[in-house]
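There are two complexes below, and they share chain A, which is joined by chain B in the first and by chain C in the second.
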Partner chain A sequence: MDVLQKSSERIPLSQRPEYADVKPVPQDDGPNPIVPISYTDEFRETMDYFRAIYVADEQSHRALQLTTEAIKLNPGNYTVWQFRRLVLEALNADMNKELDFSDGIVEGNSKNYQIWHHRRWVAENLGTDASTRELEFTKKILSKDAKHYHAWSHRQWVLQALGGWKDELAYCELLLKDDIFNNSAWNQRYFVVTRSPLLGGLGAMRESEVTCTVNAIMEHPENESPWRYLRGLYRNDTQALVKDPQVASVCLKILTAKNNYVHALSMLLDLLCHGFQPSLEIRNAVYGLSDSGAQGSDLVKVVCSILELVDPMRANYWKWRRNMAPAQAAQCLKDDGLTGLSL
Partner chain B sequence: MESSRKARGTKTQEEQWMVENDVGQIYSSVSSIPPNAQSVFLEIRRDNHIQYLMHGLNNLGPSFSTLDANRPWICYWILHSIALLGDSLDEELEHSTIEFLSRCQDPDGGYGGGPGQMPHLATTYAAVNSLITLGGPKSLSSINRGKLRAFLLRMKDASGGFRMHDGGEVDVRACYTAISVASVLNILDDELTQNVGDYILSCQTYEGGIAGEPGSEAHGGYTFCGLAAMILINEVHRLDLPCLIDWVVFRQGVEGGFQGRTNKLVDGCYSFWQGGVAVIVQKLHSVICEQLGLSKVLDSECDSESYHDYETSDISDVEECTVETSCPLGGTCHRRKEDIGVDFISNKRAIAPIFSSMHLQQYLLLCSQEGAGFRDKPGKPRDHYHTCYCLSGLSVCQYCSSADADSPPLARDILGPYSNLLEQLHPLYNLVLDRYYEAHDFFSKF
Partner chain C sequence: MGELAVEKHVKFILTIEKEKDSFESVVMEHIRLNGAYWALTTLDILGKLNTVDQDEVVSWMMQCQHESGGFGGNIGHDPHLLYTLSAIQVLALFDKIDALDIDKVSNYIAGLQNNDGSFSGDMWGEIDTRFSCVAILSLALLKRLDKINVEKAVNYIVSCKNLDGGFGCTPGAESHAGQIFCCVAALAVTGSLHHVDKDLLGWWLCERQVKSGGLNGRPEKLPDVCYSWWVLSSLIMIDRVHWIDKEKLIKFILDCQDKENGGISDQPEDAVDVFHTYFGVAGLSLLEYPGLKAIDPAYALPVDVVNRIFFGR
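What follows is the complex of A and B.
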């Protein structure tokens, strides 16, 4: 029986025979508490009864019911949640029913650590059988908020602990088709590509991933997500990034189009700092963007100067990059054993 | 009218356009009034904020029941805000605060969200920071350090991270709150820090920022937590700092404020989480140079005198100095853990700000500031959390160009009247600097 159906129907705990022998424990706030909350009578009574059960460490059915009511009043009370887990274990409760309960709580309170942590605990108890349900559940949450942080974390945990990788890359592609700017979907894509036991790992996937990332960039060069994803594909392998013709090529295309080219310039700057030897076309594309018609041999300086103008929010950062770059490039040449060679 | 055929953007684009529109309207209406009158809009409404904060300290309505397990947080948000505004509590309220927080302290160590609640790392952090903000021997000695250390050790997880509470979630927030508290109370040691660096490192994503858990998305709150914790355990050199820096600077949007994640919306609270990261990074120059394999550091980058000449400095005038002489936070140093917090602040070798301080201040003062209190963005309601982190972000902006902690900021670095100047804070702990020093001295005796 759900005693909280409507607040007008709620029977005070003091009037329920099943709690008759419980002596409620008031909160020990002291005589002059600060940040005092004006609790409703319902809230105060529920918590007074919970404290009694908690202090007595009573792990019974009526204790479980009490945690249900306390959670509905304040889903952020981690002490109640933790105690509830002890009671569920003691009662050897039905974990599937517990997922049903959790469904109801998440409904109005999805941005709450305790709910998601509890769900993880329940799913862990159920094991791999829970995988499908949990993937469906997070999908439902993400359909309303495609960037929901807890939902994504939970989904990742489910995949790693309970499996279900089969359709994950396709799911990412669906979300990206809907909103190519969804950085959470790009992050998930990275997660799948690098960790799915069904794919070959980053090494095997990289080339095809670069191709579709470059396509996304061409669609919207101002979209930061695919640019970061592209760098991510070459994490710990910068020289491969520098040598990949697809990367240089997409930069060139965007710089030539002269529209939304901040990220393209930023990528070019990174490449140059790692020893990239720009083609004449790339040089000319950069000079074409510079008002001052600067044609110095130091492309890094020109790139930074342009960025300071077209990306003024980061002017200080580009100045710092400009000052750091010569030492970096010199270091690169030293590392490659090219010192002394004229370029 | 064929509005249905109008070109639509994706959800991300449309939401962003709406915010840019709201913010743009505020900026254009302010810029259209005469400069003398503008000053009024740029003023921090100090008395109003304090009134709002004091009221919260004494009385919260029933809707706050959902924060009933977070009362030390409400306490910290309010006390820290009051301290940043240069005000303080009367003796009676101080006493009541110490009393109340003592009732939140668990006999076996740590603080819970309220009297009788299990201890929790976040509420422990909030309670300890509240007590340090109050200051004074009575407040500081009320913290049971020995038991607290035992609690922290119990919260250590096999993964290297920390659990928020017994049976609770493990994430980067837990690492930061545990490490920050241990550091400021002078109970940090190898037993506590073991493997923490490994865990935090595994949370740095391909984007450069840090996530809550390995694999999750790079996020401002967790990036602050991860970076600060790594510095406090002396392992910041293990993070890919150039990548982190590139990520964080791109989190500042056209509105002037910071977003929490790539392609998400601006929010006043990230002024501290992200702005704080940007400011912390200014002091890591020599570590960054080491990571880039540079054996020499361009002296103009860390010369405090040339801070304001940053725009005009010419590389050919630069002197070179070695990393060895300038190593404040280099990984090769074996600094004592109790000195890291103090050394971080006293280190004068720092680069000029890498973000736009004035634009951020503009966002905070014109878009986040309300009649009383601060909010996420126009259209959102004010709350104590945003008041705390918006003020913290403002302070960070005001002091980011100061060559050292002892010299006051120049008028040109403060947006609005000079009376807007807030108290300086320690970015690793988010404590008013004077209070931090007092606590450091007090606990260093043990």
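What follows is the complex of A and C.
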């Protein structure tokens, strides 16, 4: 029986025969507390009874029930959750039922570390059998908030500890179809591509991933995430990024369209600093964006000047890039093993 | 530009108990130690720490300590790294760290380091770079960093570094400004900032500033005053704070004040709370808003408190 169906239907603990022998222990906040708290009567009574059971270390069914009620009143109370785990262990409780309980609590409380940690503990107890259920559970949370940090953290843990990688890339694609701006989904995509034991790793996946990413960029050039993802695909292999015609091509298209081109310019800047030889078309596209019609000058400096104007909040960053450019270019070439070649 | 309503905020902090029976009051019971840290540090930054009875606070706090040496969030709560740091920070504010059995507390903290260098929050084993930060800051303030394997701790944090230069809660987790603060502060305090790609991370961090001037915590999310701390302190620690528009951020924070009743909220027009009040004031301090005490970006304590610990006496 759920004794907390409605506040008005709740039977006070003092009136429940099964708790008759429990002497409630009141909260001691000390005199004039610096951050003093006020309590409702229901909360006060539940916690007074919980404290009695906790202090007596009673690991019984009525103790479990008390933790249920205390958690429902305040799911952030980590001490109650911890005691609940001790009781669950002592009672050798059904862990699947515990997941059911957790399902019920999450509604309205999903940004709570305790709930997720408890879930992980329960799932760990169940082992790989829990994988499907936990992936479904996080999917449900993510369907309401697709960037939910705890849900993603739990999902990553489930995949690595309990398995279930098969459909993960497809799931990322689904989420990105829903919202191409979802940085969490891009992050998960990278997670899958680099860590899934079922895929070939970054090297094998790179080409197809670049194509998908470039398509996403074309859809919304102002979207920060795919640009970062693109750089991530070429981690430790910048020369391959510089040489990939898809990358140069997408920059050119966006610069020519003259719309939402900040990230494209930023990418071009990075390419140039790594020895990229811009085509005449790219040069002209850049000059076309510059008011001063700075033809023939150092393209890096022109790009930075434009960025200072169109992204004024980060003007200092772009100024710094402009000043760093010659030294940076030399260093990049050195890092990429191209010392000795002249630009 | 608006002004910081200092008197109102002080009043707000000193009288939050007037919120009778509010759900927020009820749910804060178990994290009262965090609340004390937020409230007291804010008062100190505003130059009003003396309005509080030190002895009462310290005596209450010491009752939150366990046999193990760790502190719980309130009296009768289990020990956890998070509240242990808050206790140390509050004692630091009052220059009462010597009220602690330092070896006992540091042994508790050191005992929570795992083989891979990570830290669990408590005996239940939750791992998160937040706990690496909290453990390292705590031990640094107690001058007992030698009790842990610093190299392994650093290696674990570095394993949480992502392709965008940021850090997540565990390896592979999405970069998030809060986690980035935790990792950068821990690396700063252990002299390991060379592991950070400052230009790359600095760029990611400065991209958090949105049109309104506020900062978000991840791409395409809404700005929130608390990121004025997480993002800003990170930028300062890696020496890249000039890459954001400071004036616009100051304006955003000031717009989040409740100038009538005091307190600061996450966004303009939202309800205020002590958490966001602390982060708003601390953020303004980092931005060198006039009349505020300087705050240390790694330890999140006033600079004079940190200096007293490391250079005083």
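For the reader, a short list of remarks on this structure follows.
Everything below uses one rule, namely that the second predicted complex is superposed on the first by the 329 of 343 C-alpha atoms of A that agree within 3 Å, B and C clash if a C-alpha of one lies under 4 Å from a C-alpha of the other, contacts with A are read in each partner's own complex, and residues count from 1 in each chain.
Definition applied: contacts are C-beta pairs under 8 Å (C-beta built on N, C-alpha and C of every residue); 3 or more make two chains touch, one makes a residue touch a chain.
In this text, all values refer to a predicted model and were calculated from it rather than measured experimentally.
Bringing the complexes onto one copy of chain A puts chain B in a clash with chain C.
In the superposition on chain A, A:A146 makes contact with chain B only, not with chain C.
In the superposed model, A:L199 makes contact with neither chain B nor chain C. Touch criterion met: A:T40 reaches chain B and chain C at once. Once the two complexes are overlaid on the shared chain, A:D178 sits against chain B while remaining clear of chain C. In the superposition on chain A, A:N323 makes contact with chain B only, not with chain C. After superposition on chain A, the stretch of chain B that runs into chain C among 189-197, 297-305, 315-323 or 405-413 is 189-197. Shared interface residues of chain A, touching chain B in one complex and chain C in the other, are 27-30, 32-40, 43, 47, 51, 54-55, 73-74, 76-79, 82, 85, 113, 117, 120, 147, 149, 152-153, 156-157, 181-184, 187, 190-191, 195, 223-225, 228-229, 231-232, 235, 312-317, 320.
For chain A in complex with chain C, the residues that touch the partner chain are 27-40, 43, 47, 51, 54-55, 73-74, 76-79, 82, 85, 113, 117, 120-121, 147, 149, 152-153, 156-157, 181-184, 187-188, 190-191, 194-195, 223-225, 228-229, 231-232, 235, 312-317, 320.
The residues of chain A lying in touch with chain B in their complex are 25, 27-30, 32-40, 43, 47, 51, 54-55, 73-79, 82, 85, 113, 116-117, 120, 146-147, 149, 152-153, 156-157, 160, 178-184, 187, 190-191, 195, 223-225, 228-229, 231-233, 235, 266, 312-317, 319-320, 323-324, 326-328, 331, 335.
Every residue of chain C that touches chain A in the complex is listed here, in rising order: 16-17, 19-22, 25-32, 35-36, 39-40, 52-53, 56-57, 59-60, 63, 72-78, 80, 122, 124-126, 162-164, 168-170, 172-176, 202-204, 206-207, 209, 213, 218-221, 242-245, 248, 274. Across the complex, chain A is touched by residues 10-13, 56-62, 64-71, 74-75, 78, 92-93, 95-97, 99-100, 103, 112-118, 120, 164-169, 205-208, 212-213, 215-219, 243, 245-247, 249-250, 252-254, 256, 261-264, 289, 292-294, 296, 298, 300-301, 310-311, 313, 315, 351-356, 359 of chain B.
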